[in-house]
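Chain IDs A, B, C, D and E follow the sequence of writing; residue 1 opens each chain.
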Amino acid sequence: MNAPILSIITFIPLAGALLLIFINKDKENLLRTIALILTLVIFVISLSLYINFDDQNPDPQFVEKSSWIGYGINYHIGIDGISLFLVLLTTLLIPIAILSSWKYIGKRVKEYLIFMLLLETGIIGVFVSLNLFLFYVFWEITLVPMYFLIGIWGGKRRIYATIKYVLFTMFGSLLMLVAIFFLYSMYYKATGVYSFNIFDMYKLVLNPSIQVWLFLAFALAFAIKVPMFPFHTWLPDAHVEAPTAGSVILAAILLKMGAYGFLRFAMPLFPDALTKFLPYLGVLALIGIIYGGLMALIQKDVKSLVAYSSVSHMGLIMLAIFSLNVEGIQGGIYQMLNHGLSTGALFLCVGILYERAHTRLIKDFGGVSKQMPVFAAFFLICMLSSVGLPGLNGFVGEILCLFGIFKANMVLAILGVTTVILAAAYLLWMFQRVMHGPITNDRVHNFKDLNKREIAYLLPIIILMFWMGLYPQPFLRKMDASVNKLINQINQKKTLFTETKKESELLWDIKTIENTAEDHQEKEEPVQ
Amino acid sequence: MTDIFWIIPLIPGLSSLILVIFGTKLPKKYISIQACAAVFASFVVSVISFIGLKQIPHEAYPLIKNLYPWIQSGDFKAALSFQFDPLTAVMALVVTGVGFIIHVYSIGYMAKDKSYARFFQNMNLFTFSMLILVMGSNLVLMFVGWEGVGLCSYLLIGFWFEKHSAANAGKKAFIVNRIGDAGFILGILFIFIYVGSVEFRAINEAIGGGHITQSIATLIALLLFVGAVGKSAQIPLYVWLPDAMEGPTPVSALIHAATMVTAGVYMVARMNLLYTLSGTAANIVALVGAITAFYAATMALTQNDIKRVLAYSTISQLGYMFIGCGVGAYAAGIFHLYTHAFFKSLLFLSAGSVMHALSGELNMQKMGGLKKYLPRTFPVFLIGAIAISGVPFLSGFFSKDAILTSAFANGNYLVWALGIATVVLTAFYMFRLIFLTFFGQERLDPEVKKHLHESPPVMTIPLQILAFFSIVAGYVGLPLVFGKKLNLFGHFLEPVIKVSHEAHLNLSTECLLILFSVAVALFGIYLAYIFYIKKPQTPHNLVAKFPTLYKLLYNKYYVDEIYNATIVQPMIKGSEFVYDNFDLKVIDGTLNGSAKTTGFFGKFFSYFQTGLIKDYALIFLLGVILLLGYLLF
Amino acid sequence: MNSLNAMFPLLTLIVGALLVLILEVSIKRENKTYLAFISIIFLMICGFFCVQSWGKDFSYFNNHLYLDNFALFFSIVLIITTILVTLISMKYLSLQNTNVGEYYALLLLALSGMLIMVSSSDLIVIFLGLEVLSMSSYTLAGLKRDDQKSSEAALKYFLLGSFASAFLVYGLALLYGVSNSTSIAVIIDHFKTESSLSFMAFAGLGLVIVGFGFKIAVVPFHMWTPDVYQGAPTPITAFFSIGPKAVGFAVLVRLLYPFWHVAYDSEVIFSLLWIISALTMIIGNLIALRQTNIKRMLAYSSIAHAGYLMVAILSQDTSSLMFYFVVYLFMNIGAFAAVIALGKKDKEYLELDDYAGIGFKYPWIGATFAVFLFSLAGFPPTGGFLAKFYVFSAAVREGLVSLVIIGVLASLVSVYYYLRIIVYMYMREPTHEVDINLENPALFLVLFLCLYGVLQLGIFPGNILLIIKQAVSSIAFL
Amino acid sequence: MAHFLFFLLAIVCIGAVVAMIFSKNQAYNALFIILLFVCLAGLFGLLNAPFIAVIQIIVYAGGIMVLFLFVIMMIDLQEGIPPERKRWTIGLSFLIAGVLIIELLFALKGFLFPAQAATAGSPGSPTDLGRLLFTKYLYPFEITSVLIIVALVGAMILVKKKDSD
Amino acid sequence: MVPTSYFIILSAILFVLGAFAFFVKRDLITQFLCIEVMLSAANLAFIAFAKSASSLDGQIIVIFIITVAAAEAAVGLAIILLVYRQKKTIKSEDMNLMKG
């Protein structure tokens, strides 16, 4: 158990990307095979994380820590119950994404695979980082491969979409960076020690008026990533233009980074500000649910429909997370996984259609079920999973989310339940128009049903959907301890400041919960 | 013996799974045998469990089998556990029994369809879901079944998805159901908050223990009832059911008549303590049921499509069941559910048989005089019609009267009046159906006539079985007139339905009521006879006389159109408007606008970059004087 | 330690320059590459001397020449710059019809001017070093004598540079009038207390800042930059974008660092530089948005980077400034090297349109260029990110939050134009044939070195940070 | 006497520059500047800097300006180039110049008021200057040599004809 | 004796005049001459300050500045000649190949 599993998982893709650089770009199948095997190996290794994960322990596990640059910048990674499944989701979906683009990506295969692998490193890095600096580095790194994936292999408006994506995301994350600096210097001022360690940061007790700004900066970055209304417009563009695998990863994993950011950083770091903004955030999330649903209803392009459905679903997830109770947060995390699977699978299905028809407009389809019965079944299940049909994964997450929200705020929950109706409306309507009815487009007659490869990458997702729908305990149990700890942390810190508020009204009013922070091996004096 | 009940739902589930995976590769014969056998096995187990149940004391009810904790997070707990008590037993028997008969019937009906396997896998899946619904020991699990049957309904309505109308109808059914489900979910959430559990037992204990105030009970009951309204096609969410007739006829019989649509009734009965506690909610249930019963019956009057007539009739009959539940006669409601299952599925299947004979023709105006061509179908159809009309000594009579009597006894005279009015209408439209189809002139298409043939035994034998039950099923629940002990059905359900204060009428009043309702039923039949046999011109005259009314009825009060115009279209138009104006113009406009502004500033500043030394020097000098000025002043 | 050793680096350079000049005249050879090698050898020797002197505090000429670690650090940075520039020039000169051997000598002389500047704390010495640098720079800018743009660049650089020098000299005169000395330490002493001469002192200081502000190209003294960068031979542009900036900032550090600590009213200079820094970041990035000529775009980008460096000056965190320079050296030279790589005989590809499809046609050049652009834009894990990170985090620590916000937003704008090049390279179909001369090993070596530098500094910058720490702690104020 | 001389020279200095501004002939301009330099040399003399005065005349007026004249002759423009005529440019220049001079004078006010009485220091004899130059200012002096090399090389490569020519 | 401040004022005037002239003149050579004027003004300031402080440093610095001026003249005129050869003009407005 001493092997640095997390590091291995994080950096094998990077090594793989470097390896691919040296392979002749004409050997496309070799390249694909290597990438696939590599990612599958990573997935298998990552399963050992799950197996060895101690669900009684709320703290990060598989921790690796070594000094890196200094000034508090350390290589410090680990996973807890919150990040465990996000890592697993990533390692699962990347090979699927690679498999799904086996034929779809016909040109520049080598570069494509390299970017995919880089993306995997970045994403896993985001989820395992326990050092704010490291987190930010990975956070930004994920932008680059995605930028290329959309920009090179995307559709007609790919350049607009990809630049919008990058700039929009960066806008938020740069402000977050400033906030990170601020935290960093606050910590330094409070303790005389440089640290980016997230656990040290948790110990900071900040003046609420400062918290407000820092929280806003963090929240903006994450809200854009999620995306919460009204920061969502990059998403449909990026999705529509991205290649299938890009959309899959974008929707299934990258969006989760935003929600994860809230859970890991924005919420526990600034509990007072969180309390203050909770109503607004809740309303925004709620608007997202309804707004996303209504917009999805009228989209003409299947992909942008699914994209807007993501806005709606992520709204529910955020609302659940903001409920700040065990059910809500667990449900939120669980729903993140569900959304990853179901929306990912929906994008895969849309991709399968696109590969055959080279169009994604709903009106160009109709009656596909007749030509592709197997596909119809898969598509149906994915869609139902997204709708939240009991027995499939979506329901478990949805009911937990709703329960959590309900516990926190009945009105929001009552309005949030509309997602149940809207999701059914837009997805079923789309499904009906695409899959059912008479065949109106001659091209549809030539559609071939799924081949083995396509079944191979859809099947695991489908199986997981059933598993997670029927027996969610193995997933939920692993989260328990960490989620409880998170909630305690937020509540505990919140009360802490109210006790000590009168000490000073200064702006730089900071102190730490325990000044005996255990892990500062490097006591560096400030330069100069 | 009794604790094997939990495998009841699993058998069809397993069968369905096998069919899903291997379905396309299996021969039709095998498929049909497996599918029917699975349901039959379930039925057998149900019977065994039923017998077992009768042998154990009431205090041990309900039997509970806890399989595993399903969802558990914080306070939220939902187990995968089944329960078995008299109510469940009735439902399970109906579902598996009627289900089995319909499965058998389907072998013949679907024989030529190329998606044979798909049909049976869905039918099995439906049986599975329905059993989960009735056997789940908590609301969440019930909701699983609730949604599961909705899904199967969606799949089976849209079974012939190449047809636009079928695909549309399926979608409509699902979405309308979802509206109800949203309410249902909220109901569950409220229960969770106030009870802390979703197990029926715990809920009942909480109600019994007085942990729930009346207003909360009303709120929860109404929310749950929203779900029931959706599922059981009551006003205002009934619109999906007539369209659902796009599905194959066995589906209409099983799902949209006998079982699924009654889920709402089952749920209300299951939660009877809640409704009783609330009072208000029960009244609303009764009222909604009564209005729906009457309203749907009026629409059935003018329809020409056999199955649609039956569909409206189903809505109407469901209304009856809700009347029963609403007025506190839960047992009567369930009793009607049970009898209705037989005669309505009989009617549907007979209609299917007619269709089968007429190569799929459904329009009654193109039938007539079929009596002689369909010698086996006609009598059973007639039995069904008599049963539903409330003619004495057939099953419908008993259950309907139990409801009406209770309504009257409860003092709900409006409800009772509507019920009675509905009786007339029911008898009228059913016999209108019979007369138009089997009697009078032949109005068949010549082409259709060429292929006219009676259905095969695999279809007619189930019909006969159902006809038999339509006649005798009612005898398990004889009204008080015949002696208190004879209401076996009510007694059996008593452990579940703990009626605290049942209003009792004296015997003579009850007799009078029964006679009255029999009279009005017969009056309805007579009216139909006058209209369609004796003076066939009357309908036309009436139409000419009240064109608006006829049109209104014929077009089903334009409800679909109104919904479309007031809800669907505004939503779509509104969304489009918001998308175009807010998403694209405001948000994206802001983004692109800020990008443009940035670009504009870039342009503005680069304007100074003229390339002329003089200008550069000018800026330089300006910089110097500003800098010096800043430093010095 | 007063020792002749202090002279060695400088002497090496001058000897090298003279040798190159003599060889150029005496050996008539078409191929001038050997001169490049000679000058590289001398540069390396010079570098060797610098490394040798590390930590020894050699001084000479009444401490007019003082090799503290700070000076040595910048010297080494500048030597590396010059070596890299020499390498990228080798092929360029013969391809672009600029085949003059004196080129290398001038580079060495320019470098010697810079070394003079960084290793002194006497303003008159610094001024003379600046003039040595400037004279060589003017000449280098105009070296493509057939090219009107090159001559024009030289002319603009010269006229505006001299104009700025005049202000610098006048500022020196004022400071001299205040303190009767040109030594920074003495001058700064006069800021300790308010006196009747303090206005004069501030004006003098202001004019000196103007003079150096011109060299480091901060708004509003930046106007020459784009034209000169565009017109000058590309390797020289690379040189300009680093060398003069580095020394300019080094001098500003020497001048301002003690100033912050002693001046009775440093606030006014501080807020002045604050404004300059903000304007520089904003305007540099905004105008760069509109450029289609790569060199011009990089010119504006270098203006913007000067703005970021001013932030470091303001936060008084010299180590972050020095780190930024090291990174900036690699990424900027790398970028220019990539630009140079896209050229053939008598033709340079400098317009954005030329870059369409380059990324796939020449994957290595494209990829490395992309890395440099990402680094310039400040994406991790490149050095550019870490450099910005240090600068901005130090600034936040000093409470310059609003300036940092301006900075990050400005760099967001910069992301757009850096990425635009990548958009062209990877996401657009070429509109016309672009073929380039690939026989350029020295250039590829530079690309590789810069790539390595950018990544090493971005991922494992530990040693450099250590060295910088030593350098900062040793700044001598004489 | 000294005052008179000062004002005379000052007026001539300013006059020379103003004349240069109005003149459109480069050759005249150069001559005006020579005049300026000569006058400045006189002013240097007044300031006890005879050696600098001499250098000013020899190097500046004699050397540099002759170089200018050479170049002007080589360029040989038929028509002169008059100064800027655009109103706003001139107005702006006046404004800037006015502000600048006010600022400079303001900056210098600590030095000017109370007026510094002239101190009669010893004139900077060449010997003293030489001693200073080769001791304290040896390093800058050495640097000027580098500067001159640079200037030489620079001028040479920029102006020389190509090898192939 | 003439007060030093007079010289300083004169130097300031000359400096500003030089800058002014740089701005209004339109030929390269005269603009360059203006820079020489500005440098001379600085020289005058140096010497005046040197006198008021009774030190010789200022005079030495002036020597250096004159050297610089000479060097600038050499390079500058060479550049102007170079430009002239290409464009046959020394109008400063004609130097506008690059802008924006």
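Keep in mind that, in the parts below, contacts are C-beta pairs under 8 Å (C-beta built on N, C-alpha and C of every residue); 3 or more make two chains touch, one makes a residue touch a chain.
All values reported here derive from a predicted model rather than from experimental measurement.
Participant: I need the common contact partners of chain B and chain C, sorted by label.
Facilitator: Chains in contact with chain B as well as chain C: A, D, E.
Participant: What chains touch chain B and also chain D?
Facilitator: Chains in contact with chain B as well as chain D: C, E.
Participant: Is the C-beta contact count larger for C-E or for C-D?
Facilitator: Most contacts of the two pairs: C-E.
Participant: Going by the average position of its CA atoms, which chain sits the greatest distance from chain D?
Facilitator: Most remote chain from chain D, centroid-wise, comes out as B.
Participant: By C-alpha centroid distance to the whole-protein centroid, which chain wins?
Facilitator: Of all chains shown, the one whose C-alpha centroid lies nearest the global centroid is A.
Participant: Express in whole angstrom the distance between the two chain centres, defined as the mean CA positions of chain A and chain D.
Facilitator: That gives a centre separation of 69 Å.
Participant: What's the distance between the Cα centroids of chain D and chain E, rounded to whole Å?
Facilitator: 6
Participant: For chain A and chain E, let me know how many angstrom lie between their CA-based centres, rounded off.
Facilitator: 64
Participant: For chain A and chain C, let me know how many angstrom lie between their CA-based centres, rounded off.
Facilitator: A distance of 42 Å separates the two centres.
Participant: For chain B, what residues touch not just one other chain but two or more?
Facilitator: 595, 606, 609, 611, 613-614, 617-618, 621-622, 624, 628, 632
Participant: Enumerate the residues of chain C that touch no fewer than two other chains.
Facilitator: 124, 128, 131, 135, 138-139, 142, 145, 154-156, 159, 163, 167, 174, 177, 199, 202-203, 226-227, 290, 416
Participant: Please set out, as single numbers or ranges, the residues of chain E touching at least two other chains.
Facilitator: Counting only residues that touch two or more other chains, chain E contributes 8, 15, 18-19, 22-23, 26, 31-32, 48, 50, 52, 57, 64, 68, 71-72, 75, 78-80, 82, 92, 95, 97-100.
Participant: What are all the chain pairs that meet the touch criterion?
Facilitator: Final set of chain pairs in contact is A-B, A-C, B-C, B-D, B-E, C-D, C-E, D-E.
Participant: In their complex, what parts of chain E are in touch with chain B?
Facilitator: 19, 22-23, 26, 31, 92-93, 95-100
Participant: In the complex, go through chain A and note every residue touching chain C.
Facilitator: 68-70, 108, 111, 133, 136-138, 140-141, 143-144, 147-148, 151-152, 158-159, 162-163, 166-167, 170-171, 174-175, 177-178, 181-182, 184-185, 188, 527-528
Participant: Which stretch or stretches of chain C touch chain E in the complex?
Facilitator: Spelled out, the residues of chain C in touch with chain E are 124, 127-128, 131, 135, 138-139, 142, 145, 148-149, 151-156, 158-159, 162-163, 165-167, 169-170, 172-174, 176-177, 180-182, 226-227, 230-231, 290-291, 296.
Participant: Under the definition above, what is the set of chain D residues touching chain B in their complex?
Facilitator: Interface residues on chain D, with respect to chain B: 84, 89, 92, 96, 99-100, 103-104, 106-107.
Participant: Could you list, by residue number, the parts of chain A that touch chain B in their complex?
Facilitator: Chain A residues touching chain B: 164, 167-168, 230, 232-233, 291, 294-295, 297-298, 325-327, 330-331, 367, 369-370, 373, 377, 384, 389-391, 395-396, 399-400, 402-404, 406-407, 413-414, 417-418, 420-421, 424-425, 428-429, 431-432, 435-439, 470-473, 476, 480.
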